[in-house]
Amino acid sequence: MNIETTTQADATKAVVEARNLDLVFPTNDGPVQALKDVNLTINKGDFVSFIGPSGCGKTTFLRVMAALEQPTGGEITVNGMSPDEARRQRAYGYVFQASGLYPWRNIARNIKLPLEIMGYSKAEQDKRVNEVLELVELSGFGGKYPWQLSGGMQQRASIARALAFDADILLMDEPFGALDEIVRDHLNEQLLKLWARTNKTIGFVTHSIPEAVYLSTKIVVMSPRPGRITDVIESPLPKERPLDIRDSPEFIEIAHRVREGLRAGHSDD
Amino acid sequence: MNIETTTQADATKAVVEARNLDLVFPTNDGPVQALKDVNLTINKGDFVSFIGPSGCGKTTFLRVMAALEQPTGGEITVNGMSPDEARRQRAYGYVFQASGLYPWRNIARNIKLPLEIMGYSKAEQDKRVNEVLELVELSGFGGKYPWQLSGGMQQRASIARALAFDADILLMDEPFGALDEIVRDHLNEQLLKLWARTNKTIGFVTHSIPEAVYLSTKIVVMSPRPGRITDVIESPLPKERPLDIRDSPEFIEIAHRVREGLRAGHSDD
Amino acid sequence: ADEVRLQLQWVTQAQFAGYYVALDKGFYGEEDLDVTILPGGPDIAPPQVLAGGGADVMLNWMPSALAAREKGLPVVNIAQPFKTSGLMLTCWKDTGITSPADFKGKTIGVWFYGNEYPFLSWMSKEGISTDGGEDGVTVLKQGFNVDPLLQRQADCISTMTYNEYGQVLDSGVSEDELVTFKYEDQGVATLEDGIYALEANLEDPAFQDKMVRFVRASMKGWKYAEANPSEAADIVLDNDASGAQTEAHQQRMMAEIAKLTAGSNGSLDPADFDRTVSTLLGGGSDPVITKVPEGAWTHSITDAALN
Amino acid sequence: MKTLIAVLTVLSVIIAFWYAACLPMNIKGVLTEAERAGAEVTPAGAKERRDLGEFGLVLDNSFAIPATWAQDRPRLPAPHQVAQELWKTTGAMVLKGKMMSKRSLFYHGWVTLSATLLGFAIGTGLGILLAVGIVHSRVMDMSVMPWAIVSQTIPIIALAPMIIVVLYSIGVQGILPKAIISAYLSFFPVVVGMVKGLRSPDGMQLDLLRTYNASTNQGFWKLRLPASMPYLFASLKIGIAASLVGAIVGELPTGAVAGLGARLLGGSYYGQTVQIWSALFAAAILAACLVALLGLIERSVLKRMGMGA
Amino acid sequence: MILVILAVLVWCGGWWLNSRLANGSHAATREVQLLVPVIFGFTLVMVWQLLVRGLMVPLVILPAPTDIASAFGANLSKLWEDFLQTFVKGALSGYVIGCSAAFLMAIVMDRSDFLRRGLLPVGNFVAALPIVGTAPILVMWFGFDWHSKAAVVVVMVFFPVLVNTVAGLRETSAMQRDLMQTYAASYWQSFFKLRLPAALPFIFNGLKISTTLALVGAIVAEFFGSPTVGMGFRISTSVGQLALDMVWAEIVVAALAGSLFYGVVAMVEKSLTFWHPSQRR
């Protein structure tokens, strides 16, 4: 692999650099501007949350980062190279908005899927599957098929699938949308721990203001039509975050700022 | 219609009475106990929220009330009769977990569907469609087809559909799940107003603790495997509820009690 | 007028010229008959149509008619306008075949649908097995065209003097490239194109009378066609709804057909019947008829028709 | 546009391949004819050539190549021969004002088409009725469906003559027997598709109607039927093609008097390969037109129903 | 007349029994699900028998089931030979060749958007050709033995399998494909791990349709020339001899073989696509 570039990226610490990014979808009833003039730098080890009303381009931006969508203007580099090169170096773990498990594979084999593709050994595959199943509290469910699990369990399985291999960059699109508050809190904690341990760079889409504030080092507030970034909030919260940090005044202040940003976006409509 | 029974029910004010309700689903890998020994009384004009972890039987209980599911044990009466009789008297408006609009009907005709079935006159149909479209702020979208609307708008349309006819009992299964916080707050306010004005009885499933507390006169906390009621909290909040009531100490206290109840349910697992 | 429906055993062609002429020239009308001619084809078994009540009379080859009789459908030959058989085998000369003995080891196309029995009877007379191999012939169920010969998938195929043989020549083959074996010459000929009706119907005097008039008019048609072959061919062509027939082909067919009907006044010669039956009974294993049929023909109609 | 270019490219490749295929397919016949006409052929004698490879013969006798595309009764007619025959029996007939003459494919096409349409109507009606029954009655579902499958394993061409005779014997004749055979072939896809379609509404959509206390009738008209439309059209397209095959099969045992089937069979009796091929193409074109027509209807119906995204 | 009335009674009785079974408490069990269609079929056969006897339908029009059964019993070895010739040699080999060819073609078309655009309309056009017409041509090309029958079957099954496979290979959701993208999976990796499994329900749709087509095609082709063995040969020659009991015995063989073939493919489908909503209960 391209070790040199990676090292260089590590040095500057800028993992993702977007400059004047535009993305226009051509559709039947005219073009839709999904992203307009987006500028953003994500550094190595950042936990970046994207928040904004439905249809503001959060998913689109995540997809551009993962080279699943081609920007129509501007520039974006990932680890100093184009997103597509980064993709081919298997830099990404992606959790989609819906769980997207393959119904013909049971949970364990769904998690093995990326491992098979990337050529891990059988023994290594089994080891990792067990590890991540434990992480998302699904030990014992490896043999079940997706439709035999509740929606929340499916979500967790798809998170496990993205964590099973060593991707530098984890992109998660509303991963906890279908879960109740308690499970959600628990998984939030787990995710923070994992992030602290592995120093991954994480891009995270959510509709929940407390979740965004609780998790992130950087909160990106977006507004729709055309999708653009209206505010980028650097979180002053420490890396260690017990759940009750959510009652601290800093937390409430950031949450307030995010809510104001969101409300402004809405009144634009 | 059976005016006598209705009057009698009005007198006692008990709209729904569940006694030792059991429900077991027979499945391939053995029976699943979805509801166990559920006792609950819902009075006329109550706003009852159901909250609990995924798979605890919230949907199932709502379905039992609407006679969509047959309990395997215990008793349940609605307006003093069996749920099925109540169904035949068209006592229910039901909002499903997903919007479930018919793709071949535009929004207005989707809302007309129950009105056609119940034999309302053409003029009456049009009048009511306009009323409810206004209520959910979709005026002007009547001619659009479901796939031309965003997910949130579809949800609102399906709520409008349930409000268009005069059902005594409104059952709503996570109606606001797919919406962002700002829109959700707005619809919560609208729903409260409607409820205050019409004195309907409402059963409401949610995953959000603040939402449950903000809306309800009665909060039912459930826990899974087997699904049963662990706590029923009567809300002391007044019927008039501005949004900022959510910062009041009573509110926070109830929310705390709900959270504790939920946590207890989870640790059961 | 009395209604008569006649089921042919093949598509409209000069093989049936007599009937079309009788219709076209009004001979049927003169006899106060309203005749409908129903064309046939490979998928039509005329006896079945008769059994189903779809027709009052049919044309048929005797092997097929006798088989139907044994199967419990009592059909009776009431007239036999065709005296001689037109069936033959046509072989490539360059295969070295000069006599039936040379068939050994060769591939031969045969029509089935009941037409295979004269062939089997012939082969058993010659002592040739029909199961293939060095000492036998390989039998193919031939479709109703001459491609197997032209494509050299078979060394010999079944042809009618009036139809398929002409098609072979039409495709550019000259007569001296071919060797032919007429069933008539081999002594295994069976009666072709007889007129048959159901026994039960014939018990009804009114039906009998109708048949008498029908046979009379038909024979008049046949004799007219023999005398005016070219006009007869044109009449046939006019009656062909499929638009597939060509003038030249029908003209030649009519000329050949005239040779086959020439010797008959319509009345069945019992000697021909006996020869047909003995040929069929000599067919080796699995014969189409197992015993000499009784009452399979009658002269009562022709006697009355031809006084 | 892109599709058009792609189709044209594929077509020209197919046609080029077709012309090329005429060489080995027809060479033996051409050589035999040439030899008869007195030409030098290597090797001489049809019998000698019988077991030789076609490609070798083409190479050794390259003078005969043009003739492989111009034979009277080729094993494989060249594309232009088929096109000429098609024109001769359609366009040219119209120009001569004999559109409905017996030698015009319009006449035969119409004969087949009328039986096809009647059979299709019967088959579709029956199919929909069966599907409605199967969806609403468990007994019908469990007992009829397996036998519907069995019915399709019966070779209809074997039954066709008997069906015709049996119908004959009860006094049904004319276009109807053909239409019944064509209906037999088209009802099955319609049943299968329609059962799938009528069952396509999910539990929630059905439950919604239950909460309204809608009657079975209302459920059918307001939910099941509209939901089944896309499935219905998909199977109608298969069904109409099957109907056409049925009508052609049904023509054979009615004396092959008229219709595209009669043309096919007539061509086959007299070794007129060009006629067979042109009748085949006419049938395929007819089927393609019918399917396209259904596609148009589908588009407009679905659009009016708001499903034409 | 009594027999006709009896037939009506048998029909009503069979229907009544089935209603009881299908709406009864054991309706979901395997036995009942097998029993109900069997009872239905049995009722049908009984009614047929009674009507044929009661109305005295002649043998040459429609034989009674008992006639067919005795013809069946008396000609077992003949029927078996015909079955081998037509089903095993003709239909089965043609089915295997046709389905594999269609499958490979589908992959080629899947890899090239250009070919797919160009070939699908042409394919749909060719699929509309009535095989009755291609059969004489193919017999002319491939000879009288089973090769030409297999060729007819190949032509018949090719397009249903092709069209279904192509549609199936495109059936994956955008998200499922995107997932493969993020793994930078190669074409064949995503083919075997994603698109093929996702396409299986469609492919089996085509394979199931083709089972019935294969047998019918092989039989029909024998009408246009054959050696002196085969189901189509026997049917057409027996019609000529008015041995309708034999014709029906062959039809019974065809129906049995066809249904069995269908059943086997449906069973393979069930075991490979157990995960698909239509197979779950």
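Letters A, B, C, D and E mark the chains in the order given here, with residues in each chain numbered from 1 onward.
The rule is short, and it goes like this: a contact is a pair of C-beta atoms (placed from the backbone, for glycine too) under 8 Å apart; a residue touches a chain by one contact, two chains touch by 3 or more.
All values reported here derive from a predicted model rather than from experimental measurement.
K.L.:
Determine the shortest chain-contact distance, in steps, between subunit B and subunit E.
P.N.:
Shortest path length, in steps: 2.
K.L.:
Kindly list the shared contact partners of subunit B and subunit C, in label order.
P.N.:
Shared contacts of subunit B and subunit C: D.
K.L.:
Report the chain closest to the protein's overall CA mean, measuring from each chain's own CA mean.
P.N.:
E
K.L.:
Which chains, taken as a pair, are joined by the highest number of C-beta contacts?
P.N.:
D-E
K.L.:
Using CA atom averages as chain centres, what separation in Å is found between subunit A and subunit E?
P.N.:
50
K.L.:
How many angstrom lie between the centres of subunit C and subunit E, each centre taken as the mean Cα position?
P.N.:
So the centre of subunit C lies 38 Å away from the centre of subunit E.
K.L.:
Centroid of subunit C to centroid of subunit D, CA atoms only: how many Å?
P.N.:
Computed value for the inter-centroid distance: 34 Å.
K.L.:
In whole angstrom, what separates the CA-based centres of subunit B and subunit D?
P.N.:
Roughly 55 Å separates the two chain centres.
K.L.:
Could you list which residues of subunit D touch at least two other chains?
P.N.:
Residues 75, 157, 161-162, 165-166, 169, 252, 268 of subunit D touch two or more partner chains.
K.L.:
Where in subunit A do residues touch two or more other chains at once?
P.N.:
None at all.
K.L.:
Going by the contact rule already set, what residues in subunit C reach two or more other chains?
P.N.:
42-43, 45, 48, 51-52, 143, 145, 147, 151
K.L.:
Could you list each pair of chains that touch, in label order?
P.N.:
All touching pairs, sorted by chain label, are A-B, A-E, B-D, C-D, C-E, D-E.
K.L.:
Give the list of subunit C residues in touch with subunit D in this complex.
P.N.:
8, 11-12, 38-45, 48-49, 51-54, 92, 94-95, 143-147, 150-152, 167, 171-174, 240-244, 249
K.L.:
Give every residue of subunit D touching subunit E within the complex, in rising order.
P.N.:
Within the complex, subunit D touches subunit E at residues 2-3, 6-11, 14, 25, 75-76, 138-139, 141-147, 149-150, 152-159, 161-162, 165-166, 169, 241, 244-245, 248-249, 252, 260-261, 264, 268, 273, 276-277, 279-280, 283-284, 287-288, 291.
K.L.:
Touching residues of subunit E toward subunit D in the complex: what are they?
P.N.:
Going by the criterion above, the answer is residues 15, 18-19, 21-23, 27, 32-33, 36-37, 39-41, 44, 61-62, 114-115, 117-119, 121-122, 124-134, 136-137, 140-141, 212, 215-216, 219-220, 223-224, 231-232, 235-236, 239, 244, 247, 250-251, 254-255, 257-259, 261-262.
K.L.:
What does subunit A use to touch subunit E in their complex?
P.N.:
My answer: residues 63, 66-68, 87-90, 92-94, 96, 98, 100, 102-105, 113-114, 116-118, 145, 147.
K.L.:
Subunit E touches which residues of subunit C in the complex?
P.N.:
42-43, 45, 47-48, 51-52, 64, 67-68, 71-73, 112-116, 130, 138-143, 145, 147-148, 151, 153, 288
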